[in-house]
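In the two complexes that follow, chain A is the common piece, with chain B as its partner first and chain C second.
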Partner chain A sequence: MRYALRAEWTKLWTVPGTAWLLLGAVVGTAGLGALAAAACSPGECGADPTRTSLTGIHIGQSVVAILAVLAIGGEYATGMMRVTLAAIPRRPAVLAAKAAVLAAVVVPAAAVAVPASLLSGDTPSLSGGPVLRAALGSVLYLLLVALLALGVATVVRHPAAAIGCVLGLLYLFPIVAAAMADPDWQRRLEKVGPMSAGQSIQATTGLDGLPVGPWAGLGVLALWAAGALLAGALALQARDA
Partner chain B sequence: MNGFLLAVRAEWTKFRTVPGWVIATALAAVAMVGLGLGPSMQGSCGRHGPGSECAMPVGPGGEEVTDAFTFAHRPLTGDGSVTAHVASMTGQLSDDRALLTPWAKAGLIVKDGTRPGSSYAAVMLTGAHGVRMQYDYTHDRAGSPGTAPRWLRLTRSGDTVTGAESVDGAQWTDVGSARLPDLPSTVEIGLFATSPQYAEITSESIGTMSAATQRSLLTAAFDKVTPADGWTGTLVGEPTNRDRGGYQQDGDRHILTGTGDIGPAVAGATGLGTTVTQTLVGTFAALIGMVVVGTLMATGEYRRGLIRTTLAATPGRGRVLAAKAVVVAAVTFVTGVAAAAAVVTLGQRVLRSNGVYVHPASTTTELRVIAGTGALLAVAAVLALALGTLLRRGTTAVTAAVVTIVLPYMLVLTALPVDAGRWVLRVTPAAAFAVQQSAKQYDQVENLYIPVEGYFPLPPWAGFGVLAAYTAVALAAAAWLLRRRDA
Partner chain C sequence: MTTDATIEVRGLRKRYGPHLALDGMTFTVRPGQVTGFVGPNGAGKSTTMRVILGLDRADGGSALVGGRPYRSLTHPLRVVGSLLDAGALQPSRTARNHLLWLAHSQGLGAARVDEVLDIVGLASVARRRAGGFSLGMRQRLGIAAALLGDPAAVLLDEPFNGMDPEGIIWTRGVLRSLAAEGRAVLVSSHLMGELQGTADHVVIAGRGRVVADATVADLLAAAAGGRVTVRTTAPGAGAVLAEAGATVTPAGPDALTVSGLAAEEVTGLLGARRVPFSEVSAHRATLEDAYLELTRDAVDFRGAAS
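Showing the complex of A and B:
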């Protein structure tokens, strides 16, 4: 496993783009968050200013998803995957190592991006319980989106198709829910959608009105990520590379 | 030209021989139709026996209207006028809050009988929009910004009706006049009061923005009415007005209580039912599919090195890009139009059979929505092709296209405050979703004209133009870079 980790770490940092993507995730998250916070005057940033300054997570998650998709999809695209699997025949270990390496780069990037967007906004104080939960939760959210994307890409293999599937999966639930006139269906969709449920961790006010509580919502996303990784592991095990 | 046709043919051959692209295109159509016809909402129209159908009165122009108000009236044959002093207007919401809604109306009206949907002209005071002259449901003209107390006068002379206002009853100013050719010689003239549904945004936090709608009631007191007697009270229109409205005459004082509206019927928060726009929710899923195909048309060749063969066969590099754009746009347009046509025609039927009221759109509007949806997908696919050519990496290009087109739309629907959302739908490629708007926005009707209800800040083709402009710029940059770079 140690060799697998080391191999993945080397691969991740020797492909061009990793550093740029991480930088993009940080700048995108903090930048869009600052824009959203600046677009509304102080005190009038919707019902939940913390959430408004965390709007940048939408850019952040897309960039993190690219990184995750390329971590495995890039290998399939070039045929490198066959070399990787020849070197480490225990296939689940390869996927686990990729997940671990991904977590090791996404979490620090998110830990920079999230506080940066909160500081630029109209947020009460980082030390407050709900704000701290939103901050910590947003970091975990980005990690879980990366793991979900890794799982999907392992199943789909083709990087461009995989990122399409990941973004489609994230956006499907909120957009269909918004078009629904029936409030029961809206809440049901928002409860099970990976993005809508996961982002409820960012709420600091009006928790009673949420379709799903903050930690429970993040749990829903975690289930999606676990499911995707499991499907990826099974597919990896069963198929020819 | 012949060379271009050969290039188009080559690109078409490439397209149809890559199974993944054909499957993705088919899936895009399936997703659009499935989401449009599948998880449908339920309504109560026609579900509770005869009388529960959601039929709306039809106005003189053939459009659906809302026509519910409290009417104190007397017949008028030939020419004549009515003058009254509106002493006070007070409003109340059904949750017992005292609030005069911005479009609560009280004033004078001349109408072809008391049947809902008949021709009329009225001069009125409103809750927050001053004095207005309105006629035949869709016409609206502003007078002075005054409020009650105020004098009003309505005069009929032939087929012309003129409204006037005055502060003191001596100095009169015309608000406007209307020609109503369909008005018979004997009409009903008198006082009216009504107050529309009141909608407010209750939450802008996580998830879908929610709006609360409730009934509002207006009580208007009139005095110094000429002619002084012969008045009858009628509660026109909807059952709610018949339950809650009222009319009392106490000597010179007339008290009218009413709820409803006189105006065009709108879809959305304060209206009934939905529009065909809502059935096209699957467009975004098709968009992601076609963006992937468009991107891969460009990046797929780089991945395999096929681009060198392509450029050797067709040395005019701009021509290669143009051929690719033509093929992907044509395929996407045809797919999008077919799927949108199925959704728009069948989707309405499914909704209606589920008891949901769907506002009928004119054939021109439906055709524009269908063709616009196809064009939106086609141009988005070309934008993705251009981004793919620029970036040469499939994953990054797909994400860039999705983030610039789908993400803004989704943020507007679910996360952004209303004003920020309107701004986003003006400046980002997501503005193109305006081609799907099917309901007309009437500024003189109380409603939430927001994107989630199917109302966009730009006119349909202007919104589409924003996407087209982004695409033109990206395509030009792609052509320039393709020529400049080694393949």
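Showing the complex of A and C:
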């Protein structure tokens, strides 16, 4: 496992895309957050100004998903996956190492992007309980989206198709929910969708009205991520390289 | 380099849907020899190599390296080096960094990377993106990756593809020296001629199984079949030789192929009967001839090749 980690870490930092994507995730998240906050005058940033400042998470999650998909899909696309599996035949170790190095770069990037978003916005002090929870939760949210994308890409293999699947999984539930006339069904869909449920971690006001509580919502996303990784591990183990 | 890395392939079977890719493939790759693995595209060479490397699972049979399945090896590249596809790299990574992550996966360092880059002659372009490499340069990079762990066995799938003549000569030299160092070398090709002067042993595959498995010396002797070529325009030459018990077949306007008589006997006979001739030579078979000879009867196999 130690050698798999070392190899994946070297791989990640020897393609120029990694640094650019991480920079993109930070700038995109903080930039869109600042823009959304600037678009409203202080005191009028909706019912939940913290959540408004964290709007940039939509850009951040897309970029992080691309980074995660490329971590394995890029190898399938070029055929390099066979070289990897010939070097490290223990396949679960390969996937675990990829997940670990992704976490090791996504968490720091998110830990810069999220506070930067909040500082630029009209949010109450970061030390406040709900705001701190929203901030910490948003960092974990980005990590979980990355792991979900890694799992999906391991199953799908093809990078473009994998990105499509991940964005579909994230956005399909809220889009279908919005099209539903029945409010009960809307809430049900928002409760189980990885993005809609996961982003309830950002809510600081009106918690009683949410389809799912903040931590429970993040838990739903965690289940999605765990399920995707498990499916990826099983597919990786069972299929020919 | 660990000691024993004999590769033993026993009765491999594999089916992709309706297509039977491997049908009892069986052979052994011994240390100190270059074993050529020849056959038309689709004969199962690449599939066999992927099964040996634990990448594809066979439906039946076994493939062992030094008595162990590849997937049980802790640092496999230190036992078996391989090159399956020279294009299997991410184009934006430099040649050196491609080898560096591989080295790290085996607990090796950058010093070994620079050594193999030197061996394959890519040191001067080591920090250039591999995506910009010609196919020949990628083949060299792939060979560098195969040598990284100083392995006791080396597997190369079609390493001559895309190489210029200089590259082909260089690759042959590498294969010869790897075998001379006591390593087991398996090298596949769909062109028998590429292996002439390189392989000691040849395994010919067709339709997922072994059609022939012999030393190169035996194959060449069998293909030559003791035939002699006579250059003559004299009309009576054929009759004279046939009288002496030889089988004579015309081989062009001024040549006859004679079997059943040694070259000295042919010269003696023709001289005694004063039949003019310009040349008598023992037929030299090429590996290509041997290959065609062996596969001529296998109608099935030829159908499969097309």
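In this text, the second predicted complex is superposed on the first by the 241 of 241 C-alpha atoms of A that agree within 3 Å, B and C clash if a C-alpha of one lies under 4 Å from a C-alpha of the other, contacts with A are read in each partner's own complex, and residues count from 1 in each chain.
One rule holds for everything that comes next: a residue touches a chain if its C-beta (ideal position, glycine included) is under 8 Å from a C-beta of that chain, and two chains touch if they have at least 3 such contacts.
This one's a predicted model, so the numbers in the text were calculated from it and none came from an experiment.
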| item | value |
| --- | --- |
| Overlay on chain A: chain C relative to chain B, clash or fit | fit |
| First, second, both or neither for A:Ala241, with chain B first and chain C second | second |
| First, second, both or neither for A:Ala177, with chain B first and chain C second | first |
| Partner chain in contact with A:Ala96 - chain B first, chain C second, else both or neither | neither |
| Touching partner for A:Ile88 - first (chain B), second (chain C), both, neither | second |
| Chain B versus chain C as contact partner of A:Gly79, first or second or both or neither | second |
| Of chain B and chain C, the chain that contacts the larger number of chain A residues | B |
| After the two structures are overlaid on chain A, angle v-u-w for chain B, chain A, chain C in degrees (C-alpha centres, nearest 10) | 120 |
| Closest approach of chain C to chain B (Cα atoms, Å) | 10 |
| Overlapping contact positions on chain A, where the chain C interface meets the chain B interface | 17 |
| Footprint of chain B on chain A - complex, ascending | 17, 36, 39-40, 45-48, 51-52, 55, 58-59, 62-63, 65-66, 69-70, 73, 77, 158-164, 167-168, 171-172, 174-183, 185-186, 190, 196, 199-200, 202-203, 205-206, 209-211 |
| Contacting residues of chain B [partner chain A, same complex] | 20, 24, 35, 39, 41-42, 203-208, 210, 274, 278, 281, 284-285, 288-289, 291-292, 295-296, 299, 303, 356, 393-399, 402-403, 406-407, 409-411, 413-417, 419-420, 423, 452 |
| Chain C residues within the chain A interface of the complex | 50, 53-57, 70-73, 75-77, 82, 84-85, 87-94, 97-98, 100-102, 104-107, 145 |
| Complex interface listing, chain A residues touching chain C | 3-4, 6-11, 14-17, 74-75, 78-80, 82-90, 240-241 |
